[in-house]
């Protein structure tokens, strides 16, 4: 941490700041420039920098060390590759995750999974507990849904991912799913994150609608600090002033995250755009930008889907997209499954 | 719901749309204009309007009825006045809520509560469970903190508000606090909202960092739909591109909410600005804009506070502000306690 | 400027950075901490800090000195008070500016100005050149409009403010108006700003829809750098995700600006909210937050206004608001004219 | 336009609304639903819908027809293909535009143009007039710069694009450049747009930093309404809360625009990200998303560039990227020059 003092500040004020940070457990290194004296505060304690900014004579306080540790490439330089059901995610391996927004019936899941499996998809998605803005909307099948998706996935030798909504549900999810998904609205549900730190299955952590990349990585840090080293980040669009798409898909986050962190990052173009006909171009764009995977909503009959049918691909649309992505991945020197 | 068809659309397409909405449980009223045929869909079902937008020949779908019911002035026209510890909130009554960000020790709470009580404050705030961005930061005293704030509040005849972080904590909070607070990060923690619908104590619902006013009201609707009619809305700043303040306090939300909803709305200028010297001007502005209350962070020693000291007022600063607000409230024809 | 080197960086890399900044005209002061070596670059040159961030071994570059000079309280500590037509703006003096969005006819202006003048308003506003999003909308009366507003203002001994849209119009505006207004869309029209630097009349500079406070102050710096020291800042709402109001009025900008800069800051609640019934509460809030003035749209017949009638007050509404603001200003110890 | 009346509204109020819109030049079609009466207002006049929303008994007013006409696929269904110097932009043809941010010297331009030309680039970019946030930063070479870029481009048989900053500069630009560029800050400089409507050379219109897609298309409409049918749209990032990249590149805008409008859309990944190492992944992503071209900053010595060196590619980096894009374009069935 660097503390920049105001110009022409008195020695007394400098001393008071030095005393303050020492008392908080930091060492102080003073460096006098022509305009400004700068105090380097060296130490590992967590401190709110605004507390120092309010001391007399202080102009500005600058944090040097990153707030995240375990998620950073400083802690682990090589790409983390997560393996689920024989599918690798990260480090040049791109994974396709597909399925309906919501688990509705066994037949719906069976039809969809069969087709997706034929395309080569190895990870099946589907929601059992649905976070809905309106209390009057369909809220999901619950545990019954998890049983269905597990059964269907086993039939086609697929892995399962589904969204866990609170800490008390974790044991239930451990029984049925292979990747526990954290939704955008729960990205800073810290109790849930702590609970997932104790799980020994991968966690797919969606970026919050208005979360900075730094906050997102800090949420991953929560999970890793608990002992779970298998976190998959998922970009799914941020909220901006633009309203022609549901959210604004921030694909620049891919190279930004990949520079700072060793964790794999996948993209959800379905929730980001909210519109079926935007899913294919954004999927290809995400792959070209370097995404380690895609999570795409596919429904055997989007017109009658109970939730988010408008952003779900028809199965034939998915089949075409899958082929295009396979071709693209070759040019991009990526292995796509 | 109004369904606007594309210009020069065929009769067949119109019929298909009519069939679709009837099948979904709506009545259809067709009206042909020069350019566009408009289909009115009448009914009470919840439907994703994008599903209709994807039908052939549809140009646009427009929702007419508001998604919220119980929170709206259509359901209840007169202002809801919530009474806690003899203090009224709403309908011309403005309530002051003050206290530290975090409960640290009995002495800290005792000193602060004594002084605030002398100013005339009747509702004491203080956090026992703290949602922190970093897993390495202080996370609060937990139940021990709730015991402290209750004991101190009773000594000075004050009511207590504190933030509940998940549904399993509700019974504990019912024991100690008078107003259960939902933090901005939990505004769409729907399980928590449902749990709070069964409580018979007021809930203070903070607006999410990137939540629209409509989403905020929908979250209040969740609580009211569960049977709890005492919801206090709390504006605490939204996230924008401006970084000189922590958040952007959206004071226009006050008259906007007061037009649509009968629920009281209070303002938290401490979290919104994140800076002590901005709290007084923003408190006065909130009052002038029509806020039904203010929730302000005050600490007996902000310099040594464990959390958010930088945005906490010194007690003497609060005393001055309280006097200024009392004077202002007279000119504004409001009763401030 | 502080250059923070990566941990365990080689001496050679440090030297290369030092050479680079010396070559760019800076002095270098090296300070070695436990983790990081920090290089202080001292000098007055303008440099893009990203250029240094890209050098080998550099972790982060931090600008210390503010980019603005003349607008800052470091350059001039006391409040700038601008006087127009005997009305003071700034330094405890609050000025009311009112009038229609657009100058339509002599009669419209005459009726409005007479009434406003009776309320005590000394500065009349009205647009002659209108920036419209659609090429098919009414674009203003042009110079004819300026003549009308000047004639009417003279009749009632009022000053005039109107929006100048490009540098070539400045001489025309100097003939007719007392305060030249820069619209939000032109806040970074640098040619216009340079032209206004040579004018010797006050400039009212609106904040851009998505401009940070820093960028806004830099635009004021452009005008002041040209020699014109009379700049009035005008907050008029920023663009956010919230759509129930046209823009989000950022009242926190008032205390933020007043801390950094000596320039007066006024508020335009009409454009910020876009809704007539939100103008009064937001005007009172702006005054309570410390605004040095208000600029409010008033129309003698908003229902038939050619532009922005929906956000214009009826004259009687303005009369009531003016009285309320006068009362408020007394409690706030401000002089309002 | 549809006018939705409040539920249980009186006949009298409905009549008043009907009278009002007739007087404004619209026809009225009344349609009574169970809950709401809806009035269809049919006509071609421009009206502020808020004026109607303020009438007694009106619940909501909904615009049906799009505000843009000439830019829309309703006006012209087939893709507009713009040809410059034998290079096609749009309709399956993807154009590469490259060059430095700023024209500095003849040698700089000559070296850069030679290399780019060898890669196959046919359109050279370079700024002569620079809009800079700070009045103390380098402002460009002016007309001298335009002469240099023209001379160099002619030597290598390239076309030229450069940014025009105000209406008075148009004749000068017509002499030297093939494509007139409008910068993000000038997207709503309506005088400039009108001036460009009379030009008979293509205009590259950058999206404003906080402009919606609708506003952007309306600005294109200004140019087309003036008679110039050759507008190239350019997405270059929007301002959001995320600060790890300079702006957030909104690639979803590509399929959104391509659905509504026949105009070609290109992407500027250099300004969007502001960081050299993000340019390649974002260029590939833009191409995969369907962009009709890319405009990329390349400098022969980014370390010593006078402006935006940090986001400029080294020539060798560009050469590699160009090859990768060529390969990608084959898989995507696009012709890239």
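Going in written order, the chains are labelled A, B, C and D, and every chain counts its residues from 1.
Throughout what follows, contacts are C-beta pairs under 8 Å (C-beta built on N, C-alpha and C of every residue); 3 or more make two chains touch, one makes a residue touch a chain.
Quick caveat: nothing in here was measured; it's all calculated off a predicted structure.
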item	value
Intersection of the contact lists for subunit B and subunit C	A, D
Between B-D and A-B, the pair with more C-beta contacts	A-B
Centroid spacing, where centroids are CA-atom means, of subunit B and subunit D in whole angstrom	39
Centre-of-Cα separation between subunit D and subunit A, whole angstrom	31
CA centroid of subunit A to CA centroid of subunit B, Å	27
Subunit C: positions in contact with at least two other chains	210, 239-241, 243
Interfacial residue positions of subunit D with respect to subunit B in the complex	2, 4, 27, 29, 31, 33-36, 38, 40, 42, 59-60, 62, 64-65, 239-241, 243
Residue ranges of subunit D in contact with subunit A within the complex	210, 212-214, 238, 240-245, 248-256, 259, 272-273, 277-278, 281-282, 284-290, 327-328, 330-332
List of subunit B residues in touch with subunit A within their complex	46, 48, 50-51, 53-54, 67, 131-138, 165-168, 185-186, 188-191, 193-194, 209-210, 215, 218, 221-222, 225-226, 239, 274-276, 302-303, 305, 307-311
